[in-house]
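Chain nomenclature is as follows: A, B, C and D, assigned in order of appearance, with residue numbering initiated at 1 for each chain independently.
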Amino acid sequence: MKELLKKCCVEFIGTFFLVLTVGLTACGAHATPMAPIAIGIILAVMIYAGGHISGGHYNPAVSLAAAIRGAMEWKDMIPYWVAQLLGGVVAALAVLHFTTVAPPAENDLCLCCLILFEFLFTFALCYVVLNVATSKGTEGNSFYGFAIGSTVLVGAFASAGICYGAFNPAVALGLLTMATASAKVVGITALTNLVAGIVAGYVFKLTSDD
Amino acid sequence: MKELLKKCCVEFIGTFFLVLTVGLTACGAHATPMAPIAIGIILAVMIYAGGHISGGHYNPAVSLAAAIRGAMEWKDMIPYWVAQLLGGVVAALAVLHFTTVAPPAENDLCLCCLILFEFLFTFALCYVVLNVATSKGTEGNSFYGFAIGSTVLVGAFASAGICYGAFNPAVALGLLTMATASAKVVGITALTNLVAGIVAGYVFKLTSDD
Amino acid sequence: MKELLKKCCVEFIGTFFLVLTVGLTACGAHATPMAPIAIGIILAVMIYAGGHISGGHYNPAVSLAAAIRGAMEWKDMIPYWVAQLLGGVVAALAVLHFTTVAPPAENDLCLCCLILFEFLFTFALCYVVLNVATSKGTEGNSFYGFAIGSTVLVGAFASAGICYGAFNPAVALGLLTMATASAKVVGITALTNLVAGIVAGYVFKLTSDD
Amino acid sequence: MKELLKKCCVEFIGTFFLVLTVGLTACGAHATPMAPIAIGIILAVMIYAGGHISGGHYNPAVSLAAAIRGAMEWKDMIPYWVAQLLGGVVAALAVLHFTTVAPPAENDLCLCCLILFEFLFTFALCYVVLNVATSKGTEGNSFYGFAIGSTVLVGAFASAGICYGAFNPAVALGLLTMATASAKVVGITALTNLVAGIVAGYVFKLTSDD
């Protein structure tokens, strides 16, 4: 298979399982209070399984941060984004096949809090990715998947009562597809995620010697 | 001891503890909502303990995927399957010695959802196994057991309300032995698991350079 | 400091924190359903911290298995056991300083189940220790602490309604010191643990090439 | 960027996310019983992300222990402490922006228990840090972040009903900033943490060959 197509396949598979897990454990009729654990861990698993092929981003904001840092080629960005967003949408449709999902409940949502929180934890996520998966100082480690997935695990626990805790435009699009979040909130979330990815890329450059 | 006998011993021990944990934490009178954590982790543990001897499959579907990928010899398949299924049955009998197990409650079961879900997560499991335990790109890593066990952990959380979340014919046979699942559902589950293992073997060949 | 004294110090510290965690999270007035997680993880942590000095046994049954396998000298056995049991007793006294502990509730206890279960999981524990921490096939790995601690985590979840889930004479002695288990049950438990350690030592020799 | 400034940036970021997680998952209106898991894991994540730059202390007591052991230069101590305490304060202000925090409930607090417990687990934390992150016997491992973060995870579970489970003056200062702990208790906690760091530094020297 062509190299880029392989990479996009892997990005599709990883994002698919990430959003499938989000939908079934956090949004569906059998949602569990341990959803953040399942979500963080499936991300870790998919990074370990696919990282050596595609980098294991599964997240347009992470791909953006990686490109700014010089860890992926800019010309691969659009194919990556398409594969990731497609994975999110297909997974959301699968979720709807398996279960019913609650409609948006966004009355108590403070948009300012949502933006700040999504920014902070997407920044943390990209900062962690760049440091554990692309830095010379941590080369050859076995913890990169655990560290990256766990950032989302913590963010998902901490997001209770503040926002959806997406930290990922592909997850946000999945929530929209499941109709469990409004288009407005999803748009703001996705945009904030991308901005956080950009900031993390530059902060990494300032704090790293690579 | 003869090499193959050693391997089968290790496969028996690993599958035994996997199904024992499934029975006691998920099916018995003292089942806990944290059962998926215990189940995923015992699989990780047994892979770390026995992987260097037998490959640490503990799952006929995984053995099938491994053989397709060329990571195990076809002539060992039947002995492996026997050891794994025997481990599952003996563990189920041990569970019945320790506790009582609820009869099948399959009225709400959608067979189509069951097949799709068992397919998806058994595919994920085998895809993860092949990438983290048999691929050049991840050679020498310390995360393989964590990644593989965690796939089952996530699948078990996500399976709530859909199916038993076996992803493994030996586990399915264990559930049948405990009489907590019907023969029909167990048969469909086991068959689906094997098909998913085959598909994962070929998808790995397409997406990998090895 | 003399080499053996250093090792015994480390064994004392590790067993102390293990039994302290058991007492506070599983036996005290503020016990939590997540106690097995805390207990398994503190064992993992202490193995990572002290394994390179003493081997990180923190368990007379593990020391016995290690000696049979040839991974520790027989002449260190008694000093190790003294340090481990002392760590357990001192930790139990600390627990009683921090909180109140419930008296034994052993009416529903089936001695035959207790013996079988303690045997099975102590065997698993020692089998895992020998394979991940003393075998050539897994040399240089970073998962040994996780794998060993997690075996206890799983055993503790699975032991609900069957027994105390000690898998360790030093933990059993700690439970006796806290007066939350009877002398008879503690004695049977500790003896079973030691037998399981011996069996695991010989099974390792049969299934391993080292 | 100047080397020391880079390090302080990383210490600020790590301590910020640690205290943010403490505040949102353990102190705020949406606190969860799984807070210890989130708190321990965010510490692990931040150590993996920043350890190769600053050492990943995020804790004045850990920095003190590291300096005594010779793993950091004494002249960097004050800049590190400032970055860490500042991270804690800024995170506490962010928490107050996101949620409301309960006032102190310290009536049942036994000061003697608090001091003993904070001492024990801060000692464990620093003992683990020095052994897994600065010792020759564990060089090149991939588990250091997991081991260190997990120590706090266990301590936080075990601290229920005894104290706040800070083990870290920067966390204690964060609790004071959120006004969820009294100045007296925070002061005693922080002082105990520092003493435990000093003791751990010397115990490491006694039990290690480095």
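Going forward, a contact is a pair of C-beta atoms (placed from the backbone, for glycine too) under 8 Å apart; a residue touches a chain by one contact, two chains touch by 3 or more.
Please read these numbers as outputs of a predicted model, since none were measured by experiment.
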{"item": "Superposition rotation for subunit A onto subunit B, Cα-based, multiple of 5°", "value": "90"}
{"item": "Shared interface numbering between subunit D and subunit A [over half = same, under half = different]", "value": "different"}
{"item": "Farthest chain relative to subunit C (centres taken as mean CA coordinates)", "value": "A"}
{"item": "Intercentroid distance (Cα basis), subunit C paired with subunit B, Å", "value": "28"}
{"item": "Separation of subunit B from subunit D, taking each centre as the mean of its C-alpha atoms, in whole Å", "value": "39"}
{"item": "Touching two or more other chains - residues of subunit C", "value": "34, 37, 142-143, 146"}
{"item": "Residue ranges of subunit B touching subunit A (in the complex, touch as defined)", "value": "33-34, 36-37, 113, 116-117, 120, 124, 127-128, 131-132, 135, 137-138, 141-144, 146-147, 150-151, 153-154, 157-158, 160-162, 206-208"}
{"item": "Subunit D contact footprint on subunit C (complex, rising order)", "value": "1, 6, 9-10, 13, 17, 20-21, 24-25, 28-30, 32, 34-35, 37-38, 41-42, 44-46, 48-50, 52-53, 94, 97-99, 142-143, 145-146"}
